[in-house]
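Both of the next two complexes hold chain A, though its partner changes from chain B to chain C.
Let's turn to the complex of A and B:
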């Protein structure tokens, strides 16, 4: 490591102000900080610091995403081979899917990090780690057949207009990954809806076996074909068509456990989303005007992106509620809205994305009320003190 | 009515190098120094010149805005130098000790003095700055009437000295006299807050004239700010005074013996100290003598105070006015290859993202590395876990950064000080200088209100 360190020290002046490559300073710093934690020491205030930094926080989220990514790779292959009538081996399916997902991940990171580097250079800041997670989240919530240029455009849109214009990581109002998905959803609806985009190769339509539909559980529900739903177990394990990372509730729950144990993800938000979803599901059951409303609430948890959204999207600390009480309210409302949109709005079979984006918008308002209650308590205390002193 | 309060929030940083309960020989160094920077918000005015002769109790500098508040020499001798920093900011006045001569401020029985006479005695001797006020956590204004006075009877900071041990080795008579003097200064209570977790608090039974309360829980359960918040919360316009336990002895001595002698028992602690233990010395002592031969070789950080709030001093620096602890830990100026990806068996963290969290009892050797670069606020809900007060720390900090005076007031800035937010700074994954930010807010607030 020493020789690498020496090389970096030698190169550093070229990338500093006045050096030959000063325009690439942020890139150099980014890579340097990636490989070596800085030798910077405390100067004032606390002399010791927790070894936890944002890089590690983000790394934990990435680790939590791995089960969903690995299963997603397998399921992508599995759905493809099913569509062409082949029964693949475990590895065959995984490898096929992995090779299809890899380009999505690469495009997402190259475009997103490229913009981050430029933004950091313009601002003269260090490069933020936020995109490390966003960059992996985006491919996981896209349909596998999305064209790469479309993905690149969506990433650029979400990073520039969703994040950088507000001041970069930590300042954004909306969850950048969901913004990318919303961009595709509204700009290219043909690539985000319907039955064909969720299975690799189905849009091209070559060699597809008769009778294979590729419909996701949610589109079955929206079409009123509840009876055709796969079994609960099938959906819970994730052997169904859908966005790359969202299908397996098991894999997502493993991620949830990692986030909750390490404390990186807020358990209050996750629990809130599920509680809200359950409440709304039960309410719909009670009203029960059609077959979709009669669907047991826990089916909603394993269909579509509900679990993925609850665990990985709603828990984004920047766009979510920032007060502890607010996190409960925020989570519960996401759960309620998700199911509400799913079941009662015929235009959008999936409600999680819109619910979270909507609540991102309302999170500051929730926090405002929570903080105001604290302020009022303090004012009230002051008034009581004033009264007793006058007496 | 003594109250017992159990706190859950907070965090004990388990460092290596806690002082053994053993009192070494009294430390009697040649060099002494008084730092104006120990007193936040102070604009000092120099009252001596290099080479002038001083006695113990001779003013070295005073507060430009309150010239009656004087900062005096702890020993008799000769003024050596006045160190200045950027923009001629006064950093340190050093005195070389020569003999033991005191200014005689006159013995007196506090019960027979008026509050005004007690205040004058404290001002003249240089003991007044030992009394600090909330809000703002600055030296108290002698013209104010505090609604109560708080003395913390225990310190929960990392490697902090054990006050029970200190009391066992000090004169209780002086302490009682000090309490009698202080109780004249407020119409309210003199609160002595003790550690509710300890069984050996009998030593405090001999102290009368105070309201005893018991707090238990992790750091910062021993902070005066936390005690005030729970026992006698500060509202806008109210003032509470705080005195460190060891300064009560000095105040007692001033009235019993008529001299300024800020003696205290100091814990020499930290992972780099060979055989950490306690020593008796004066505030302002150069640490050179006490650390000589007791520190592991290497590049070390010498801190007057604890690792969270202390002041960086060199091996030749001076013990701060309010400090009763010296900590020596390793400097962390090294690069760490993929440090953020380390599984972290030996990395101590508040979070559970390192394997070290599987060993809840182990002590650790921590250095001064920042472990990352400064970022915007990203992670939420962490600061709240280490502040046992009904306060929104992140929202308050954002109000301070935005210089939003109304919100700072509404969110409770009067109730807090740097030391209460020090743990937030330690755990902050965005590496924000929280204590400095808070001080900026306190200074701004003070300017705005005056």
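Let's turn to the complex of A and C:
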């Protein structure tokens, strides 16, 4: 680490004002800040700096994502070997899946960070760590077989039109990772729907054994084949086909605990999403017009991306609600809408992505009303206090 | 009529009327008018071109007619009079399209009829034709229709190329052998939201080139 520091110090003058690579200053700063704690101090005004900066926050989320990523690697391999009728060892399945996920992660980071670097140069901004989490989230919510150029295009779309247009990290209206998924979902629906895309190699039709369909629990539900659903435990542990990181609710819950303990993710939003999903699930149970509606509400928590969306997507501090009361409203509405879209809209078997994107749009409005109602309440209290003091 | 006028037919002022709608005063990207039809008819190049021509003709001729009778129109009922003129023109154009390019007319469906409610038309009549002589009004109509058409053609070119892989119906990408490499058409480009995004990108591009368009904060 010391030698790296020395090297960086030696290089620094070249990247400072008047140096040879003056234009690349933000790139250098970005690397330096990534490797070492920034030595910048404030000169005016408040002198207290919270050590929990963007870099720290992003690192915590990455750590929280690791269980889902590791399990996703294993499950990708497992589903593949199941489809060809081999019973793999733990390591065999993990290694196979890991090698298949690696290109997705590399493409996501290279394209996304590349665009961020260029945008920072054009605007003269500092490069920040905003893309680190998005770059890992995107591969985790994609089907494993997605062609890499589509992934690259989706990443470019979400970073340019979802983030840079609005002013970069921290200014985006929508969750960039979900925007990338929505882009693929609407642009190339053949790669995002159906039973074949969720297991490695199924689209190519490699020797599939009989009885393996590759159908996800949600597509089974949408097709009305509720009886064929895997057991609750199996879905909870995550040995089912699906997007890379979303299948295992256990792995996601470990991530949720990390996020909540460190205070990076809002427990109110997570609890709100689950509460909303539960409420909507119970309501549908009460109406119960078909077999899907009769499905117990807790099944919805372990199917598809519900848990993943609640823990990693809805809690995005930029696109979510900021006020404490607003977080509850925001979370509950996401839960309600997710289940509503899932069960009642035959065109979209999964509703979490659309629900979160929609609520992203409404988050500022929710905050506005929460703040306004608080102002009104306090104004009223002040008036009452004034009256009594006059008397 | 032109020779009796004091100024030449294509004086600098008139030329400006013709060229300004292409850039500084574009009806779609600067005035943000006529957006709905721009989203609806730009999936393919052909209907977009037909639509652009129709709007240009209707705008130009109604501008001419209204400018010619601007002194006789009572102020109170001027909107009704303008609408009657526009509606007449639109019906003529609609009948013409049905007679000669029936397939395109089918694709455009209600949007030809909806030219009547296109904000560009009413805007030009109210803002320009009611206060100017027929010839400049005619030029103004041509310019605005063409400025509208330019955006339509650009957007529909991009949408047809990436959404259907063709240019004016010619399968370019297939001939280039792009599909064999695993390329696929983008389904989102065909959806109306993408037209909105494209128009937004054009506005972005235009504003970054011409800073005078950016509002002072």
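Just so it is clear, the second predicted complex is superposed on the first by the 369 of 391 C-alpha atoms of A that agree within 3 Å, B and C clash if a C-alpha of one lies under 4 Å from a C-alpha of the other, contacts with A are read in each partner's own complex, and residues count from 1 in each chain.
Keep this in mind: a contact is a pair of C-beta atoms (placed from the backbone, for glycine too) under 8 Å apart; a residue touches a chain by one contact, two chains touch by 3 or more.
Computed from a predicted structure; not experimentally measured.
Asker: Quick one: chain B or chain C, who's touching more of chain A?
Answerer: Ranking chain B and chain C by residues of chain A touched puts B first.
Asker: Once chain A of both complexes is superposed, is A:110 in touch with chain B (first), chain C (second), both, or neither?
Answerer: Neither chain B nor chain C is touched by A:110.
Asker: After lining up the shared chain so the two structures overlap, which partner does A:170 touch, if you call chain B first and chain C second: first, second, both or neither?
Answerer: first
Asker: Just checking: does A:188 make contact with chain B only, chain C only, both, or neither of them? Give me first, second, both or neither.
Answerer: second
Asker: If we overlay the two complexes on their shared chain A, which of chain B and chain C does A:44 touch? Say first, second, both or neither.
Answerer: first
Asker: Return first, second, both or neither, reflecting whether A:287 touches chain B, chain C, both chains, or no partner chain.
Answerer: Neither: A:287 stays clear of chain B and chain C.
Asker: Contact-wise, after the overlay, does A:147 reach chain B, chain C, both or neither (first, second, both, neither)?
Answerer: After superposition on chain A, A:147 lies in contact with chain C alone.
Asker: Would you mind listing the overlap between the chain B footprint and the chain C footprint on chain A?
Answerer: Shared contact residues on chain A: none.
Asker: List the residues on chain C that touch chain A in their complex, please.
Answerer: Touching chain A: residues 182-184, 186-189, 191, 197, 204 of chain C.
Asker: Any idea which chain A residues touch chain C in the complex?
Answerer: The contact residues of chain A facing chain C are 147, 149-150, 161, 165, 183, 186-190.
Asker: Show me the residue ranges of chain B that touch chain A in the complex, using the header's touch definition.
Answerer: 13, 15, 233, 235-236, 238, 301, 303, 307-310, 312, 327, 329, 331-342, 344, 347-354, 366-381, 384, 390-392, 394-395, 410-412, 418, 422, 425-431, 433-436
Asker: Could you please specify the touching residues of chain A with respect to chain B in the complex?
Answerer: 1, 4-5, 33, 35-57, 59-60, 126, 128-130, 167-171, 261-264, 266, 317-318, 320, 322-324, 327, 367, 371, 374-375, 377-379, 381-382, 385-386
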